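Here chain A shows up in two complexes: once beside chain B, once beside chain C.
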Partner chain A sequence: MEKTLECFKRILGKSKKENIDILIRGIFGISALISASVIIIIIIFITIKGVTPFISYNQGLGQVNIFRFLTGRVWLDGAAFSSSLYGVGFIIINTVYIALLSLMISMPIGVLTALFIAKVAPQRLSIFLRTVVELLSAIPSIVYGLFGSGVILVLVYNFAELVGIQSKGGNSVIATVLVLSLMSLPTITAISEVAIRSVGKDIELGSLALGATKTQTNFKVVLASAKSGIFASAILGVGRALGEATAVSLVAGNSKSGPSLGLFDITSTLTSTMLEGLKETTGLDYDIRFSVGIVLMIVILLTNIILNYVKRKVGSVSVK
Partner chain B sequence: MDNIFSIKDLDLYYGNFQALKSISLDIDRNKVTALIGPSGCGKSTFLRCLNRMNDLIENCKIEGKIQYSQMDIQTKSFNVIELRTKVGMVFQKPNPFPMSIYDNVAYGPRCSGIKKKSELDVIVEKALKRAALYEEVSSRLKDNALGLSGGQQQRLCIARAIAMEPDVILMDEPTSALDPIATLKIEELINDLKRNYTIVIVTHNMQQAARISDKTAFFLMGELIEIDSTDKIFTQPKNKKTEDYITGRFG
Partner chain C sequence: MRKIIIIGLTLISALYLVGCDNNQLDTSFDATKSITVYTRDTSSGTRTGFMNGIGFGDAAEDNSLLVSGFVTKDNTGILTAMKNDEYGIGFISLASLNNTVKGLAFNGVEPTIANVINNTYSLKRPFNYVIRADGDYGSLDKENLTKAFIAFLGTIDGSDIINDKGAIPLSATGTWDDIKAEHNVCLKDNSNIVIKFGGSDSIEKIAKALSSAFAPKCGGFIAEHDHTGSSDGFKRTQGSEKDSDNAKDVGFASRDFKDTEIGDIGTQGQLAWDAIVAIVNNRNTLNAITQESLKSIYDGTYKVWEDINQ
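Let's turn to the complex of A and B:
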């Protein structure tokens, strides 16, 4: 009996341990397949839904013109359910504009906070702050949205009144930018902090030994060495700003035309447009939101590609 | 012979652990002084006292007197930034900054306020030449320093220290991470440098101490056992422990 087993083993060339290896590799492979296929199914679903408005006649409303759709300065020319003249050009501009503005606020604050936590603050304070940042990033977006509509809108409204600008209850570009900055701040801080903390102590000592002050060391050497990680935090921050829907819907004002470049103008983003009225509509007006979804995915993809390109150029070092 | 450093009764504690015990010694100007001894004997700790890098270690307490050019450097009011521009340091592992070769060398001068490009150009070229690196890198000063080999990186770190025009260069096992050829180059460089600078070098390698130093100090368990001219230490040490160590009986 044992001899036959031995023989089998030799023929198969595999021991029991190796077989377990194969089995486990199979399990890993299946798990990977499941997660990958979910993404693919979602993409296919959204693409099919989102392409429909451009290729079908939409129950007699006519095809949506893709060029007009991508460059339009009005969300819907005509009434819902009686027109197919949709446009998101201005919304694309709004979205990117708002994401960049919020990054301009959250980036410097986030990176300086990270530097403070990682290098300047005494140990106890930095542990405390690190916990606060972690908690902040775990707050659901709807809470940020409520805070935005309850506090930031009021502040913006009062400020606008003070300087003599009519604002629509505070709903505005600036309110959206502030809410998004608050939301992306924890992400940017946490990731930058890890990048800064992982800068080698030896580099820091090298700088101090040359008679550089702590501040010079932190800004010229530590931040420079953590560049690539800090850039990664910016990419995630932009991702959050581009992809957030709920909180934005509560403070943007949902404009139907644009682009809105003035800080106190009401605005709308791709996500808020998708979300608004989604549950109360059907037909083309429903399907077109999936088309907006495709646009959003492409915008996010392009932004990531561009930022990654810049990251490679600026962030990492060219070792030859 | 004048002393650039004069140390009296130096005690150093990391928390409750006494790492240096009543060290007294003088360091000669424009000579190479080697500090030898087994791991954990306090030689690197002692080296770091000379440019007050121990300030950066928590719970580190220093008692005693360290005089640099007749100035007491242990006092609170002493300008430690100024001290470190005069007493440069090269570390065990080459630690160039992740920036260009030029920027690495210009870093120190820039931090101390030199902004003019023409002035920096002169400083960088001079420092690289003195560190015997200029010929190898003159055509690629804008390249990233991390692309250099380990030996070149270490010479860059020496150039970076030289750019500050220091009086003293402290070296903490500068060749222990390098191959024999790179080590040889650094040793030749040290021989050249001693005409202009005082060098204090910590080394694990006794042959290296014998080859390059004028004076050798032997440390053991936080105590200075013996200091004398290198010849004497290696041929007729006064202390039995020194003899045991250099003949390889322990350590």
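Let's turn to the complex of A and C:
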């Protein structure tokens, strides 16, 4: 035994500690490889599945026309399982429209909540609120969906009735937007709060010393300095809004044509369209959902690039 | 701090009041309002059953034939939507009907399980089975096993499973324990026998649940499910493909067998009904509907509630 160990040491020519180092480095490398390759495998898998409808003849149904697919105003013209006339143009518009509207609601509320937690609230309240925000972000999306279909749909339906509009059971753009705002709120609040807290104390004190009031300082100095971080929160918030499927499909009404721009119209998003009937369907009707997945990934990528570009444009003041 | 609490409480009570008001106001049903049409997705078997039942079979898999602006939801989604939407109409499987919504009588017959079993309620389709002809199984054990499975369908154990999966079983007599003595094959070790199931994909869930519950009771045979559609049910057990690679031991059809699909005596039968019910909000004044009216609602001929001749 002693001899074998000795032998190994001589071959490797390194001490035990050095060997452990090499081993640990190897483990790190392998974990990095696993996580990176999973993403690549997923992308390859979705791309292969999603491109199939455009290049194969889909068991006699014919190729899906990519131009028609990207600009179509009807999800499927003709009968399912016997037609290849799919279109997602209107769904792309719906998805982006809904994500932007929900950002318009969740951004102001989220950023102001973050400002309140970080700067205004007394310590104990701010700790309490921070915990609440963290709890909210941990709630699974199906719970938001059930809340949406049980409470928000009723509220929207009743509200529409009050203003004299007959909504379709509350299933609407506005219900979807409200649910998505609720869902992206914790993300936006948590990240904005970190950004606001990391604004240098000296900038704030400088503003106060120049005679600005606390409110002026908070809005004109603190928020302005943290805008880069706040934009980062917006990017993640939009990501959540674009990628949510379960909750959306419970309140959107899943329209099959569009686009739906009216607040009380039923709507559909790329994710809700992918999810609907997924467990029951086969053949082209199944494969086409992967094509929708590719479109969704491209939409998310483009939105992130645009928001990152804006974020760079607005720049940032010294943030520690 | 106190201010915040006060503001919070005011907001909550305001919301509560809004909710309350609307529950008490507007209890009357306004028949001049438009009908909101709810449907299942094109991949749904319930939708196929419903559309065929109202004489609108073309719309089973084709959304473009439906009235524009229809809402697509799943079974539970339609049920919960109808609690809320006074002017909606949808359809669900009869097994999930409860008193939070109003199930409409179809062509004058109330949607009850009793009316389904006595064959008066007609918005339904049968779930049928067909097995191979006697002596055509390749082995006697396999034949006896298949027949034991069919016997199991008629027991309380079997009908509980069918019920569980949302269909309405025919009236069952006795449990498996009562009749298992008649099926000696189940005492053997059958783990090397493969029984092939096929036919209707609407029955796939029920068939899988039945075979996985029955296999441990009968020597642990292996169940192979390959459900491709009702027309393959007869074709692959006694029809043109009965000796092909696709051959099955048990086939299912979610419709009546056609005249060309009549097999040997005692090889065909029914295991359940799949009944569907049109539902509306409890405040809706409508209590019954005809096949023609339902079709006119789903194809967009009738736009508002007063269009329907009650």
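Keep this in mind: the second predicted complex is superposed on the first by the 294 of 320 C-alpha atoms of A that agree within 3 Å, B and C clash if a C-alpha of one lies under 4 Å from a C-alpha of the other, contacts with A are read in each partner's own complex, and residues count from 1 in each chain.
Note that a residue touches a chain if its C-beta (ideal position, glycine included) is under 8 Å from a C-beta of that chain, and two chains touch if they have at least 3 such contacts.
None of these values were measured; they are calculated from a predicted model.
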Partners on chain A (chain B, chain C) - clash or fit: fit
Touched partner set for A:L210, first chain B, second chain C, both or neither: first
Included angle at chain A between vectors to chain C and chain B, based on C-alpha centres and rounded to the nearest 10 degrees: 150
Most chain A residues touched (candidates chain B, chain C): C
Chain B versus chain C as contact partner of A:S225, first or second or both or neither: first
Partner chain(s) touched by A:D202 [first = chain B, second = chain C, both, neither]: first
Smallest distance from any CA atom of chain C to any CA atom of chain B, in Å, after fitting: 18
Touching both chain C and chain B, counted on chain A across the two superposed complexes: none
Complex contacts: residues of chain C adjacent to chain A: 1, 15, 18-19, 22, 26, 33-34, 36, 38, 41-45, 58, 61-64, 68-73, 77, 80-82, 84-85, 87-88
Chain A residues touching chain C - in the complex, by the definition given at the top: 74-82, 122, 125, 149-150, 153-155, 157-159, 161-162, 166, 168-171, 250, 253-257, 266, 276-277, 280-281, 285
Residue numbers on chain A that touch chain B, as the complex places them: 200, 202-203, 205-213, 216, 220-221, 224-225, 317-320
Interfacial residue positions of chain B with respect to chain A in the complex: 51, 53, 56, 81-85, 88-89, 91, 93, 95-99, 107-108, 111-112, 143-144, 146-147, 157, 160-161, 164
